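Dropping the structures in below, format is structure tokens.
Next come two complexes, and both contain chain A; in the first it sits with chain B, in the second with chain C.
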Partner chain A sequence: MAAADNTSAALRRRDLCSRGIRLAGKMRSDVVDLLDTYVERQGLDASASVAAVEGVPVAAVERWDEQTGTQRLLENLAAYRAFRALLAQMLEEQQEQLGEADTTLGQALAAVLLQVSAFTYHLEELLRLESRGPPSEEGPEPPPAPHLSLFERKLRGLGVLRELAQWAVRSTRDLRQLAKPNPGSSSAASLAESP
Partner chain B sequence: QNLKCVTHNLRKMICTWDVSSKGRHGQTDVCYTTNDLPPPVCFKTKEKRVEIPVPESSSTMTITTNSNSGTAFVTKEFEIHKKDISFVPLTPRILSLTPDFSTSTLNLKWSDNGSVFLYGLDAFWQIQILRKEAMEKVTQVTYYSKLTHEDVIHSWNWTSDMPLECTSHYVKIRCYINVTQFVGPKDWSDWSPIEEIPGKDTEPNGSGVFPQDTVVAVGSDVTICCVHEKGQQIKRMTYGPEIYPMIRLSSRSSAIRVLNASASDASGTNVVCRLSEDDMDGTVLFVGYAPDTPQNLSCETSNFLKIKCTWKPGRPSGLYGKRRTKYSLFERISGKNVSCEVNEMNRERVCGFPVLADQKTYDFVLGVSNPIGQTESLLLVDLTQRVHPKAPEKLTVSGNSSTSVRLHWFINGSFAEIRLLCQIEVSCGHSERRLHNISMSGGEFSTYTAQLNALHAYTKYQFRVRCSAADHFWRWSDWSRIEEHTTLEA
Partner chain C sequence: DSHIQYERVGADVTMKCGSMDWDAAVTWTVNGTDIDASHLNGSYLILKKVDLTQSGQYSCYEGSSWHLKYQTYLRVGTPPKEPLLMCRSNNYPKGFYCSWHLPTPTYIPNSFNISVIHGTREMVCEKDVFPKNRCHIRYLQLFSTVKYKVTLTVTNALGKNSTTATFDEFAIVKPDPPESVVAKPVPNNPRRLEVSWQNPSSWPDPESFPLKFFLRYRPLILDQWQHVELSDGTSHTITDAYAGKEYIIQVAAKDNDIGTWSDWSVAVHATPWTEEPKHLTTEAQVTETTSASTSSFMPPPTTKICDKGAVVGSGAVAVCWTAGLVLAAYGILFI
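Up next, the complex of A and B:
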């Protein structure tokens, strides 16, 4: 009976992974589109380099290959929870600064926020499969955001979206890794399609 | 030699002199008589200056310089005439110099020392503003005041054409008192000690682009500066997509000057200070218009519960979000004020105001403001003359004879204070439509009834109704929905 349970859990996991990969792919293309709109509407220089923004999870990771499946999920979940908060703050600031003047940007931001929320839920589902469940969100209140000037907020928003686009790529790779029968081996066939 | 006498207060004068440098001198004996009235006043002094009264006409002063051993060395007598005495006001003292960074304004306060003089005098104050590391003169202004025998504290404001954070600003002041009856030479006082408002470029870690996130009117000339840390260098400063020539303010501050600024996008125009390939700072400038005076302000009520005011906003301000143009409706008789929730993107503006008990006349002030300016429109209105009912509802038609029908309809509103005029339109097939006007007393959220006669038997008719105020027509309501009815057979 235990074998049957394992098989259905693996199937369920693979299904979640492949749906997650598609969601990450869609999210990435929407974030890239949003980035173009954001740069244009905020009057920024697309080539502007933005220093690392405090509070924005960095997609680059060392020894990516050595990560366990749980580590991948936990890091992804922490990142997208952070992005959910960051995007919600950006949306609020956008409403405060522009009101109804730029609904295009507002709607695009809201759409990506929705996808990030959905992807966060997806990751929590995957963690529940690991019978350990996702870490609770309660925890120490995040430190109040430092007062930033409008220009700094514009740059911060650019940094957030760029990093989110990178995370979408990383998440796709992580989920592909998870979709393998035993995440450690690289030879196993991969069920996932490319984003 | 060179005896000079100066008075600061027209009552006392300070006389100074030189002594030939040969030999060493001891004390000096000074004697003076005023207006030739003996006896002379004498005293000893070690200094080469004395303070004595200003004479009515003239004074005679004898100065004897003694050698160290006390023997008279040289004696000289001077005749001091009123015309020889100079009048130089006391050096003014700045009481306070206060910056308002949000408006780039300096407030200067000083005392005019008017109590020094016995009578009112015309005083002119020269105020000099200097700036930058090199303390270049920016402007010099002459301010006039009347001395009134009391010490009056004067306050004067100056708005800089650049943010005060950009570089240090300095102020000094001097004065000239026009004593017409004083015959001697009159001159400006010395400059006061200089007062400084340090710029961010003097703070150890001071940096930033200024002004920060400010709003200016279209057509303004704006100075925007970049203050950076020691050792850094500005590669370029851009306003929107354009690189601008830089003006050096100090070793840690440079500025650009944007002339005749044009309207910015909704998210503002970015001003970027590029310090290196991956280090930049910036600010956002919002360039828009002051609000236009609202046109066609009109207020009406549809139900005597709420007043709806509408207006045409005029030219868009180009400012959005928290910088948008805000509207408020103030009613002067009741003193009630309502702020209006307005969607800046749609052309028509609407604001609601509650109908107040026992108040028929409303004296409205529609206040309009945004960070650049404000304006208002006024409207005095008698509400009973501005009734625009909602479309009648629940129209029903019933008939108990072949040539007449009874109509019933409901109007949402409290019209007990007025008479209503309703119009019933009757049409039959494609024939010509007939209108019947009926006036009736208004009611409280009532159903109204009317009878129509002289109809044809066994004929299908379409009925609809609209209403307005009977005594002071303002606007018809919209038509009710059409109700069909066939009269009974004859």
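Up next, the complex of A and C:
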């Protein structure tokens, strides 16, 4: 029956959203800790400004409150898929650079990578519920990482982690919007515009 | 023609009487009062190391004709010190405001100019009508890692100064304290207090941007606070209150994910429910029946003094006891 399906889909969506919110919260907390470890182990200045790096999904968004539910899910999914690849790359570079010498950073990176993967899967599930289905992963291989000096790679890593921390907060907010009774998947749900 | 002249505290000021020659005979006045000739050098008025009290209207009159030759309004003040600037978002995600003030007054008019830069973009900070040392900005982007840079410049006739604040979008988020905090005793529960509050009205969307809360409470007689952090809901029942003791309770709020805690709310006071002292009522009834049969003296009913509404804390219980004993003694005397 359509009505029963709607109810069970709504319940499933609410359940996925609240679990997703908890996942995102834990992920953010771990990324913030990882940032501290990363800055320390890589000998960086925590307040260093990092220019926007190519290939790193930027969390900043205009008119966030006007996004539809589907838009939110698609943008989140694209971002976390990119982070999954970036973190895997960082892990590889880190192992090359430091070998087995520093496992703390390696373990922390691996733990966050695992959470990013789990969250990506979670987003794919939510998109399936939207009866839209997640888009397939990029067909062609992403372009190889540009050749950067060791220092540039460290700074890039800092940029990746900082954006990921912002994304984790944004995702929490996005999922809360989605969990609302009428998230407006086909029309924009906007907040009152009064200053 | 009169005009305004601004001078620094401690400066030496020389005023010329318009186009009059140095050796012309003139009279200077300040706020209508003649100035002693000892302050004159020819027709020039010399004021050494001026202080704030010397602000006023200075006029120069030609000696014999008393024609007004020159007039100026002297305002003594100081150039501005570095202003104090504070930016905060109490209405996330709508925007934030910046407010400022000078650490010490300048005693002369100041003008303020504020610039807000986000990356390469210059943003407009709309000045508030009241208070006037405040302006607000609407967020154009959310979740940005790019810092905001706010520069405030204060200028007056004697100089200028400025200060800059740089911050992240998340760092300045600080809600207003919770509102309408209410604490009530729970009937038949001598160790409980029910506390409830509301989200601050300035927080625009508590559903999408929920707040978490921090409750603190202590009996008035102790200095140590008890703390409870609550991740949702706008009420809490304290279950470990000391019986009969008056409590002071406050609540603070914070966005669930970012920023800092609000200031503490207005404090509320409450005392847990206490049982009505039944044994005193029985004694008074016995006393009343006895004295009624032997004399016209009628002790006032004990229950009035020990009315539960008036009881606050353990002190009042002692009063009830004493009143009961005194009345019992009187009753016995009259038998």
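Everything below uses one rule, namely that the second predicted complex is superposed on the first by the 182 of 195 C-alpha atoms of A that agree within 3 Å, B and C clash if a C-alpha of one lies under 4 Å from a C-alpha of the other, contacts with A are read in each partner's own complex, and residues count from 1 in each chain.
Rule of thumb we're sticking to: a contact is a pair of C-beta atoms (placed from the backbone, for glycine too) under 8 Å apart; a residue touches a chain by one contact, two chains touch by 3 or more.
The shown structure was predicted, so the numbers you read here are calculated from the model rather than taken from an experiment.
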Joint occupancy of chain A by chain B and chain C, clash or fit: fit
Angle at chain A between chain B and chain C, C-alpha centres, nearest 10 degrees: 110
Contacts of A:59 with chain B and chain C, given as first, second, both or neither: second
Contacts of A:45 with chain B and chain C, given as first, second, both or neither: first
Partner chain in contact with A:11 - chain B first, chain C second, else both or neither: neither
Touched partner set for A:148, first chain B, second chain C, both or neither: neither
Lowest C-alpha to C-alpha distance for chain C against chain B (Å): 10
Chain A residues contacted in one complex by chain B, in the other by chain C: 49
Residues of chain C that touch chain A when the two form their complex: 93-95, 136, 138, 140-147, 170, 204-205, 207-210, 257-258
Contacting residues of chain A [partner chain C, same complex]: 25, 28, 49, 58-62, 64-65, 162-163, 166-167, 169-170, 172-173, 176-177, 180, 191-192, 195
Touching residues on chain A, where the partner in the complex is chain B: 41-45, 48-49, 51, 95-103, 149-152, 154-155
List of chain B residues in touch with chain A within their complex: 208-209, 212-213, 240, 265-272, 277-284, 320-322, 324, 343-345
